[in-house]
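The two complexes that follow have chain A in common; it is paired with chain B in the first and with chain C in the second.
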Partner chain A sequence: MKKNLNTIAYCRIKNHTISVNGKLLYTKDSQLTFPEFAKQVYKEKNIAYPKFFKMDNLSKLGFLASEFIFEAAKLDSDIIKNTGIVLSNRASSLDTDRKHQETINDKNNYYPSPAVFVYTLANIMIGEISIRHQIKGENVFFVAEQFNEILLEQYASSLIQNKKSDLVLCGWVDIDKDKYDAFMYLVAEEGPQKYSKEIIKKIYTED
Partner chain B sequence: MKDVFISSNTIVSPLGFNSETNVLEISKAHSGITLHKDISTMPCYAAIIDNKKLDKAFYTLGNPKAYTKLEKMMILSLQDTISQSSFTITDKTALIIATTKGNIDALNNNFKPERAYLPALSEKIKTFFNFKTEPIIISNACVSGILAIATAKRLIQNDYYDNAFVVGGDIVSEFTISGFQSFQAISETPCKPFSKHRTGISIGEAAASVAISNQNKAKEAIQIIGDGSCNDANHISGPSRTGEGLYLSMLSALKEAKIQPEEINYISAHGTATAFNDEMEAIAFNRAKLEHIPLNSLKGYYGHTLGASGLLETIIGMHSLKNNTLYESLGFDELGVSMPLNIIKNTTKKTINTFLKTASGFGGCNTAVIFKKVTH
Partner chain C sequence: MDALKKELKESIIEQLNLEDFSVDDIADDDALFGDGLGLDSIDALELIVMLDKDYGIKLTDPNEGKAVFVSVEVLAKYITDNRTK
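Right after this comes the complex of A and B.
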């Protein structure tokens, strides 16, 4: 018997705006680059987590979305620690890959750096979120041409059905050149809002 | 929930272009790792597939110039696995692709940079074999290959698919070599997993593929009986000092499989040969009471093949079950971790019914999967 899922909270970050559970929380100057936008939000929200400034843009984007989700979810750390994290995007870590590539293109100016190289994997973002919230649950990072709510649902349901996770943080966190788009949602067997892949797709498309 | 079986398989590596050749080379203790002078600013040991041999093998399948090296490796591997398989591609067949960096060399070679997007890679493979479903790409650092097997199992168990073809691959590129060099993680000799004299990794390239199904029609099928993939929540580039995520992953897999640690007959470990990784694994295996189980790392044969490694090493494990043989952990001499481990020093015959495959990677990720011989 398949279990029904519910949504605990969702967050969208795009076009210099942040909304949580459909409510617009931040609108920033559209001239800001993503790192400038992220820094402003970090400061206004009083997130005291200096590691944030070491992160690459992809991790910053995913980190911020997860901050809003867990704040809205209001769950005990005991419950959170077994969260499965199932994230996805299109460009993988190419935004940082290009930066690493620049450091090795010129043999006379060769300066590869571990601080950049470590972020040439998209799942590092899952690691950053896990460290922040002390989550020791299931992890997977999928890459797809576009937001694939069906795969995310199948995998999240499998984790809950197979008793691997009690709740699952799903989402799409993509950053490529100047474009960024994050949509994250936390699902569990019990939650305030009804979940279905159709509802999620509708929110993603309209929000 | 449905039982899930893993059967036909193909390894494309410097040791050969099918699984049997690879196993034969391993049984002779041959390594694919050699010294290369032209891939980075300094010479380094790596396991690299000869381009001419690859193109020759690929020629009957397509124009070698139209495909990247990784695409050729993956297609060659999948072609063989699909043709051996007891099922055909339907609209309930998943294509799962595991890779860390895909065609990353397209950022700096004759192919267009757009080729570096992973969906471009999956599209090539999907089209080549005429898969009916959207490919599932897993890019989860060095656990990608083994996590792809767990993913296939989970999606088939829950009836989203009847079966799946899983392919994993990564190439040796200046991109990854320079990055690991910046971490000072590359060994100056062929890597020596779990040894007192280990000084780091050797990088390798390979593609590997398997068929996974809810039907047990193959002659020598093996069942996937448990899995787990947990995060350390500790550090993004260093393994946990307590082996936390790996320990939790193994516990999760054992619990699902409903077996005790002593029922495992063989462990195919990750064993990258960095100081911290191998130490972390030793701690995790001891915490899980698995220190007496015969164990090897296959990195001494292949180097670290990144996103392919978990799949490739699972296939060797499957042949260990089939041949009832424990293969030597190449490069090992004296134990160089703080806790006891039962490293396989010589290739020996032994009845093996159950084995555990583990992997760990950047981002604090870990995966453990347990496989069991099906007795008719």
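Right after this comes the complex of A and C.
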């Protein structure tokens, strides 16, 4: 029998703002670049994770969203371990791909940066989130034109119904140059808010 | 040599994104890997690229890298002895 699922927490990061469960937590100067915005939030939240500064912009965006989600979820680390991760975006890792391209354009000055190159895959962000929270569950990353709540709902439901994961961290984490948008939510059998693709779509559209 | 050590510390901080460090935080004999600055394997690759790009030194032997990247002190001496630019 198909189980009803619930949303434990959700987070939105866009236009220099961060909201969690619909509540606005941060509004920053609109002149800030994304790295400046991310750094300010990192400092203000007193996150102690120096690896953050080595991440590319996509990973920073996903990392921050997941920080707020797991903080709001208030779950034991043992439970978090078996979280599935189902994320998606439009630009894949293009933002970092361009930076890598810049280091190899000139044959006479050909010094590709290993630290940039390792982020030329969108699912590296999932790896960063997994390392941070010691997550060992299933994961997948989709590249699509737009946020697809149906696909994410089907995949998340399948992971939980088939007992592959107890929780699933889902969402859309997209960044390309100055445009960024993260909408992340944590789904499980138990949670404070009813989950359905219609509800998620509504939150995504209105938040 | 002191100028080179300072230059190396600045490069390490900037290129390895050591946000929480300043030049004064890094002692000449601090371990770059392990308990010192806590650099990782990608940082090691980045340092190898830096040696090539900034000083014209190509490191191809991994064991050599291990010996060279012990500290800023050791690295500065190695660069002084081997730089081609």
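Note that in this section the second predicted complex is superposed on the first by the 207 of 207 C-alpha atoms of A that agree within 3 Å, B and C clash if a C-alpha of one lies under 4 Å from a C-alpha of the other, contacts with A are read in each partner's own complex, and residues count from 1 in each chain.
Basically, a residue touches a chain if its C-beta (ideal position, glycine included) is under 8 Å from a C-beta of that chain, and two chains touch if they have at least 3 such contacts.
Quantities reported herein were computed from a predicted structural model and do not represent experimental measurements.
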item	value
Which superposed partner A:Ser130 touches (first chain B, second chain C, both, neither)	first
Partner chain(s) touched by A:Val118 [first = chain B, second = chain C, both, neither]	both
Partner chain(s) touched by A:Leu25 [first = chain B, second = chain C, both, neither]	neither
Contacts of A:Lys107 with chain B and chain C, given as first, second, both or neither	first
First (chain B), second (chain C), both or neither touched by A:Phe53	second
Partner chain in contact with A:Arg90 - chain B first, chain C second, else both or neither	first
Per-residue contact with chain A, leading partner among chain C and chain B	B
Chain B versus chain C as contact partner of A:Val143, first or second or both or neither	first
Touched partner set for A:Ile199, first chain B, second chain C, both or neither	neither
Chain B/chain C common contact set on chain A	112-114, 118
In the complex, chain B residues that touch chain A	1, 41, 100-102, 104, 107-108, 116-119, 122-123, 134, 136-141, 147, 151, 154-155, 157-158, 160, 174-175, 178-183, 228-237, 244-245, 248, 252, 256, 361-365
Contact footprint of chain A on chain C as seen in their complex	15-20, 38, 42-43, 45-46, 49, 52-53
Residues on chain A engaged by chain C in the complex (per definition of touch)	39, 50, 52-54, 111-115, 118
Parts of chain A lying in touch with chain B, wherever the complex brings them together	85, 90-92, 94, 97-98, 100-101, 103-105, 107, 110, 112-114, 117-118, 120-128, 130-131, 133-145, 148, 151, 154-155, 157-159, 161-164
